[in-house]
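The following pair of complexes shares a single chain, chain A, combined with chain B in the former and chain C in the latter.
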Partner chain A sequence: MIGLGRFCDCMKVRYRPTNLKMTISGQVREFITSNFYVPHPQALADTASLLEAGVIDSTGVLEIITFLESRFGLKVNDDEVVPDNLDSIERIAEFVARKKAGSGGV
Partner chain B sequence: MTPSLVHQFVRHSAEQTPLATALIEPGREISYADLNGLCNRVANLLLTKGVHRGDRVVLALKNCIELVACYFGTMKAGAVAVPLPPGPRSDRFAHVVEDCSPTVCIVDTPTAEEQAAALCGAPVVLVHRNRNGSSGNGKHADPETRPDPVQRPQIQSHSDLRDALESVSDTEPDVRMIGSDLAAIIYTSGSTGAPRGVMLSHLNIVANTESVVTYLRLSHADRVMCVLPFYYVYGLSLLHTHMRVGASVVIDNRLAFPNAVLQAMTEYCVTGLAGVPSTFALLLHRSSLMAMSFPHLRYVTQAGGPMPPARIREWLEKGPPAPLYVMYGATEASARLTYLEPRELSAHMGSIGKPIPNVEVIVLKEDGQQAGPGEVGELVARGSNISRGYWNNPEDTRASFGPFGFRTGDLGYADADGFLYVVGRRNDMLKVGAHRVSAKEIEDVLSEHPAFHEVAVVGAPHDILGEAPVAFVVLREGQGLDTEEVGEFCRRRLPSHKLPVGVILRSEIPKNCVGKFDKGALRQAAREVIRTSHRVARTRTRHPSDRMNGPETTSNSP
Partner chain C sequence: MTRRVAVLRGLAILAVVLYHSAAWGQNAAFFWAHTFRAVQSPNYDQFGAPWYYVSVLIERWAWFSVPAFLFASGFSIGYAGGRGTATVSWPSVRARVILLIRPYLFWSLVIFLGDALLLGITYPWSQYVRRLAVGNAVGPYYFVPLLIQFLILSPFITRWAKRSAGTLLLAAAIVQGTAQIVFQVTGSAWTLWVYPWGFCYWSFFFALGVVVFQDQQLAGALKGRLRWVFLLAAGCFWAYSAREVVASFSSGVSFGEAHHSQRLSSSIYALAFMLAILGFGGGNGRVSGALRWLGARSYGVYLLHYSAQAAVSKLLYHFAPWVLAHQTLYQPLLLVTGLGLSLALMEAVARSRLRRGYVYLFGATVRPKGPLSQPHVGRRA
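What follows is the complex of A and B.
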């Protein structure tokens, strides 16, 4: 079976291999623009709300969490699943950086 | 005087409790007096734009105060509200605009940008900008990198909603209407694939609202958390019932972040919570629900498809102690048909309860006879809340609205005590989250893929959504498959709730004796493959850039 990049529990998320030399922000951007419908990827600002822009919904957030956990070796706790940590490319990148530094989410 | 027209809910509450809070958004709220004034402005604006009694007004905005004002304001102008999902991925937008030929479309910025081709045919387009004035892609998007506007269709002319509302009066317009006039058309998936517009009169909605208010014992002291969109009849029902009694509706579009919603529930002392099965799955499994308390919560309602008894028990065990009302309905019923009294829940787990006040539900066998206790048949409903049919669609109307009432398409039975149970669907529909989805509409889209010879879609169990689409595909001879390309193909054509969670390659699709897909066998096969993929996922990781050629060996077993 081919998972189409929606649900993380029972299907493998389909994402393009990320360039390990890219910044965290670049990798997150690549994942989002490759796996969600973004009509004009170049116009999606790092600071734009992914929810407000209609890029993600509740299952989309779960996909992003699965990506972050597998790509960066993190564990995203339920209480960290808040807009301040995950609602824009910039916020996600900052969240990942904080987690990797061991200081946790917001 | 008791309201007999839907928009009178707001005016009535504005007269009774003008300063009471009608709507709350995070960081913003509006009183009934101000909301009524805003509705009047919308109505007066529409009248100046040439809207007449019975004209359609399309509303494609995310839940917000302005959407509510436009919804009731449309009715105050004597017109018919047609709420639609906003945004670039609304696959039904163009069809609906063509089908209902609106006089005015009120849309948000992303919809105006991405649905411009469909909007070109509308005489008047009003655009509601987000509060921060941004486009959907964010206020900091670099104008240098914005796509060249000349490359896309442009709406002939449009006005800014907020500016336009400033220029009109907030006094109540004098438009004579009666209860049998249409109040709204709600588009829903038909079994043939094309969306169809359910016509709801003022009488339909008012009757259903009064019934729901009665059994939920709603009052002006209530404050409901609304995470359900207003283009969906359950979301609209929350709006109708709480506006009717002068209660408050807390609008929160952040269910993707369940903790943010729970936080808002405590902050605003919410007394009511309404959800579909996927709402409860998210709250139970992806939030800090159990670490929080909700001392003001008085009732919880669940509708939008069957919630498995195991999930209901889990909610009763781990969720707040407020009573849970399991409910059942249909868009064609203005929302609600039955409910289960919370005190009966444990004794009748899995039941959808009994008909609400002023509604009758019978179980009809295929031979047209009424079924006895325990006998399975189709649930058929009658009542003042039942729609008169589908807009522009006499064929489907005849098929669904018969001499015994509205045929729900749900198969079920009543036990000896009259408690109703749903056991399946008469037609080929899926219930994904709260969305009713036709398998055929997904099959039609996937069939456009040049590599696909044959496509069959069925529903498979899903942890969060309850049910999700899975596609069985036979490739054309000599064709391989690029999984990323298929993903992109689907994402560009289908909204997220219609995206198949997986594609299963087969050398042939099983068919019944008349050559139709054997959907029963396919559902069983899908369940089997998903169970297997759970095991596989734990033991190996397929490289993301794998390309598949021909039928996949692991999915050829039945």
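What follows is the complex of A and C.
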């Protein structure tokens, strides 16, 4: 039982970051597809550039920042507002995971 | 800074509608005077009336709007280019051009059709093509071809900004200053790129937007004590440019040239006021939230407001010309019309079966119905 408990704890430690990122990714996808005009939501890959797909226009970045701050309790600094952090569902999720883990953005 | 740019965008579209309200007011007072007084038009008896000075101040205040939109577009392009050595990608440029051009073409064609059916105004096909190319379906539409020029140039501008922001800004300032001085001195364009819709005329503001995004120190400096200097400079040049207009018109310069041509003082005012707004605009109150909300709808309002104001003005001309005699009634009515009808139509489309066409009609990718449809209050930027 002790071994099983340690195993479970180990699995939690191992899988929490990945699970956390998947949950974040799901929330980000839901936000993007609900609040922006995405022609084919199912076809929008997590790695697809939101800029190049025409999903995000010049005002959209602010909406994403506002969402991240209100949903995840983050503080997005000016120097973190870059496509490397915000230009795809995957990048946004990774950015949020890094911020929540305390290591900051790009 | 992103939030401050959003506030600037909202204030700019409000200024655009106000500017055109004032312009229509002056048009009615001077060129439609025969409809409400026993005089021939044009009639300049009302030059010097209190409402006239107020309208000139409004027009000169609103002059920052086009530079502000170009700055905001440059800032947005700066984001698209990131902060590394890469530049903005051609697929991103293409996506932005498409977002702009679809609604522009649609509403331009609607205006051409309306002119043909309601006013009997038609042109040869070559004229229609030219008007679409230079944004001449209605007066304000020149901004779309102008912005598209900058978007096409943006990969080069962004790369230059990363290599040497100072030389980029210097070169852009020289190009813009030269274009404006040539236009002001000659009184007419002698080359394609000196026209107000040519990029040379406005190059500095777009470049500045790119540079401000790239340079965090510069962006930070704008939020500091410099903002008071910019505010003071804006006030001085605002008053000076208004005085220039009145003096110019008094000296016999034509109405259009006196009131609606670009001046160096106006450019300096626009720059100072824009930077002051960026410096002060980081609040998280209702006003900032409302301006960001309006800014997110700015392209739709820009495309619709002038036609709405023109329609109301012409209806009044024919059926209630007495309104044109009362500028304190007429201009606010146009402000409400320009903003209200535009936003109402956008909201109606968003809530109807046509909502899938919202992005094609108004160029905004943010769905207006839903959590983002309310003015949101964010933290201080």
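Here is the rule we go by: the second predicted complex is superposed on the first by the 84 of 106 C-alpha atoms of A that agree within 3 Å, B and C clash if a C-alpha of one lies under 4 Å from a C-alpha of the other, contacts with A are read in each partner's own complex, and residues count from 1 in each chain.
Basically, a contact is a pair of C-beta atoms (placed from the backbone, for glycine too) under 8 Å apart; a residue touches a chain by one contact, two chains touch by 3 or more.
Remember, predicted model here, so these are calculated numbers, not experimental data.
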Which one hits more chain A residues, chain B or chain C? B
Looking at the overlay, does A:47 come into contact with chain B only (first), chain C only (second), both, or neither? first
Kindly classify A:83 by the partners it touches after superposition: chain B alone (first), chain C alone (second), both, or neither? both
With the two complexes superposed on chain A, say which partner A:66 touches: chain B (first), chain C (second), both, or neither. second
Using the superposition described at the top, list the residues of chain A that contact chain B and also contact chain C. 34-37, 49, 51-54, 56-62, 78-79, 81-83
Quick one: in the complex, what on chain C touches chain A? 1-3, 6, 9, 72-73, 76, 79-80, 82-84, 89, 91-92, 94-96, 98-99, 216, 219, 292, 295-296, 356, 358-359, 363-367, 370-372, 376, 378-379, 381
Taking the touch rule as given, give the residues of chain A at its contact with chain C in the complex, in rising order. 34-37, 49, 51-63, 65-66, 69, 75, 78-79, 81-84
In the complex of these two chains, what residues of chain B are touching chain A? 86-89, 110, 113-114, 130, 134, 136-142, 145-147, 253-260, 278, 282, 286-288, 291, 462-465, 468, 470, 481, 483-484, 486-487, 490-492, 496, 499-505, 529-530, 533-534, 537, 541-542, 544-545, 548, 552, 554-555
What residues on chain A touch chain B, complex-wise? 1-7, 9-12, 14-17, 34-37, 39-40, 42-49, 51-54, 56-62, 78-79, 81-83, 86-88
